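Presented sequentially are two complexes of chain A, the first with chain B as partner and the second with chain C.
Right, the complex of A and B next:
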């Protein structure tokens, strides 16, 4: 294989991994505290993408402002879903399945609303793209920005989790909510901050996906299964596991597509790659890459 | 300091605790003993606001605290150490103490490390990697970080080796200088050894109360609950 092709695949893998990582971390953060799979996370991704569209295309501002707006607006939408739906279910003592089904419902409502507002047609951001050549492969400034911003966000999150009072409290609440309460931590308040960050990251992931490809109302929905695969592969609820798994999946998909075309198979099998990798990882490590023992299985819903 | 008045509490319609009243005075160590399933833990969870009582009132320093959320009670000066899951396993020892001191502006671990030197040695390790005894010490240390006026301990010696139980009781005696203690214990004899007074609960009801000496010396109680022949 020519070096240029190899470089291109590596670059594409890193870009894809950088998008997956933001979406998966948001998903895993909410899971860690509430212990349910939030299907409406997909639509938070889509909502983020379209919020940036509003700022970038409708208002005519730079996509950087779109990204900031997407993070904030999607973060607030995440809080709204909790306050309006999940918190009420929690207070009624609903189980994991009820929460999950409610999240599917929220997802449907959001997806259809987005389609109602922006229509089903494909849309694009207003970007002036500059292309560079690296080792015979081409990479755009947008793609460089995607990778740089993702890595910066991961580093910031790591610093927050390990060095700030809020970050440690978030870890404390997800580790043991009752004990966090006994320590004087207002767990509901911390939870809203987790929602804001988790949803905000999903929104940012949506903007990146939209900038790298295009905007459609099922943008997030298409990303949900790979995102779940990343979360499970990383070890459910594991922040660092999700980071490794996101990039692993990015590489597996891009090299897998190459393998498919070499074997003369349709690249339509691309979406199966995530699950093949997932299954392989789980056979080797049933708890995921950084799987941890489940403690306090009820989480905040107790 | 703490006054629990005619509390009935439980889960749904089942009243696990029935009309129980207990008191803890300033500087006292008080122990609640009784067989498994007698409602001791439920009573303690009710005091700490984790379960809302069906009837009765709870006063802390003359203030009605019935049904107040746990994190407010922590702010008011009540520390609680649950029987199980009483440390943040994925956090380091130091981070556990920081969580304990969440409400304070300034985290002062020196005095807690004075009482539990072993925690100082292991402060960078994950709490999940500690031994059973060390974990109980960390659990108590975490609760002490708010400098509580009253510490609620739910079976601190559960699952510990006999020698460790004695060490732990010694530590609890040490901390009474700064805080009153209400604890539940299966190791009734060791607990009564350091306690001032005790209550005995059976089937959700308080059946006896007295000084530790009275309880240890009582013929029937000794035979029924303390395993004396």
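Right, the complex of A and C next:
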């Protein structure tokens, strides 16, 4: 394989990995703290992408403002879904099954509302894209920004989880909610912050996906399978696991696509690669690659 | 004309009811979160479409669909049913999408995005003019059969184990039951019944395409089950009637009345289905008809 092609695949893998990280971190946080798979996370991603569209195209501002607006608006939407739906279910003592069913309902409402407002057709951000050549591969300034912002956010989150009181409280709540409550942490308050952060990151991921490809109402839905593959591969609730898994999946997909065309299969099967990765993880290491023993045991039984 | 609309709505009701009965067996009774129901429905529809357009009699193609669905059910069940309940939800949702991708991409077999046309309508020559009525009869007979099979399963000792697994799997395992085996069987039976619904669907429309098997269909079936009453087969049939009347009715009505604010009827329909799902799960999680106490002959 020529060096240029290899460099291109590596670059594409890093870009996809950077987008998966943002989407998966929010999903894994909520999954860990509230103990259910939130299927409406996909629509938070889409909502983020379209709220940036509002700022970038409808208001004519720079996409950077769109990104900030997407983070805040999607974060607030995440809080709204919790206050309106999930908190009520918690208070009634409903189980994870009810939570998951409700999240499906929220997803339907959000996705179709987005389609009602912005229509089913493809849209693009208003971007001035400049292309550079690196080792014979091409990369745009937007793509460089995507990777840089993602990595910056990861570092910030790492600092928050390890050095701030809020971050430690979040970890406490996710490790053991009862113990956290007994230690005087207001879990409901922390939960809202988890929702804001998780949903906001999903919204930012949506903006990046939209900037790298295009905007459609199923943008987030298409990211749901890879996002869950990353979360389960990384180990549910594992921040560092999700980071590693996101980049691994990015590489697996981009090298896998090459394999697909070698086998004469349609590259339309790209997202099947995430599915295969997911099944392999479930068979080999259901607790995720970070493989804490308690995690693997938890993987075997709810 | 109006009669045709009514017959069409009833046929859809029947097909949805069969699908929901199969979901009820898995999710309502056993607690298996199958979010990929549409995949097994599509398996039945495409198998019968491919076989009957090449001259195989319907009865054999229906059996082939059921067998293939059972194999798919087994393949999905094996890596997931030993694990946490939510993993099944994720894997089934993904399986439905992968299968649809396959139907979309493999033109040589499935006709790609255009799908398959000219699926024969069995015995059409004998019922020319009143075919809808005849087909409704077929659907109704199948529904009754599926209902009694599902009731038989649920009220048998086997079915009681399924409900016990849903309520407390660890306790059942502690009593020495192989819960994995029970769950796999329930999942495979559910897959088979869904395939039968797919067969009926394909021969009714006489053409199918991948766009008819979107995940939204799975979620509509879930809404029907939650509204009707999880674990109660009469409840889910009632739910099917309500949702289908709403779904078909809103299609029918849109030709005659203007939507306010220029809203798209398709979007509104799905938003309403989503809202119903949320409201029922919060305020009436048992649905309209509560699950009955298991009837034991003893």
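Just so it is clear, the second predicted complex is superposed on the first by the 286 of 302 C-alpha atoms of A that agree within 3 Å, B and C clash if a C-alpha of one lies under 4 Å from a C-alpha of the other, contacts with A are read in each partner's own complex, and residues count from 1 in each chain.
The rule is simple: a residue touches a chain if its C-beta (ideal position, glycine included) is under 8 Å from a C-beta of that chain, and two chains touch if they have at least 3 such contacts.
No experiment lies behind these values; they were computed from the predicted model shown.
Between chain B and chain C, it is C that contacts the larger number of residues in chain A. Judged by the touch definition given at the top, the superposed model places A:102 against chain C, while chain B stays out of reach.
Of the two partner chains placed around the shared chain by superposition, neither chain B nor chain C is touched by A:154. Once the two complexes are laid over each other on the shared chain, residue contacts for A:272 go to chain C alone; chain B is not touched. Using the contact criterion defined above for the overlaid structures, shared-chain residue A:242 touches neither chain B nor chain C, since it reaches no partner.
Once the two complexes are laid over each other on the shared chain, residue contacts for A:179 go to chain B alone; chain C is not touched.
Look at A:232: by the touch rule set out above, it reaches chain C but stays clear of chain B. Legend: residue contacts after superposition of the two complexes on their common chain; A:187 is shown touching chain B, with no touch to chain C. In the superposition on chain A, A:113 contacts chain C only, with no contact to chain B.
The residues of chain A shared by its contacts with chain B and with chain C come to none at all.
Listed in rising order, the residues of chain A touching chain B in the complex are 165, 168-169, 171-172, 175-176, 178-187, 292-293, 295-296. Those residues of chain B that touch chain A in the complex are listed here as 48, 50, 69-71, 74-75, 79-82, 85-91, 95, 98-100, 102-103, 128, 142-143, 145-146. On the side of chain C, the complex with chain A involves touching residues 31, 33, 35, 79-80, 82-87, 89-91, 93-95, 97-98, 101, 104-105, 169-170, 215-216, 219, 222-223, 226, 263-264, 267-268, 270-271, 273-278, 281-282, 285. Considering their complex, residues 36-37, 39, 85, 88-89, 92, 94, 96-98, 100-102, 104-109, 111-113, 115-116, 221, 224-225, 228, 232, 266, 268-269, 271-272, 274-275, 278-279, 282-283, 286, 298-302 of chain A touch chain C.
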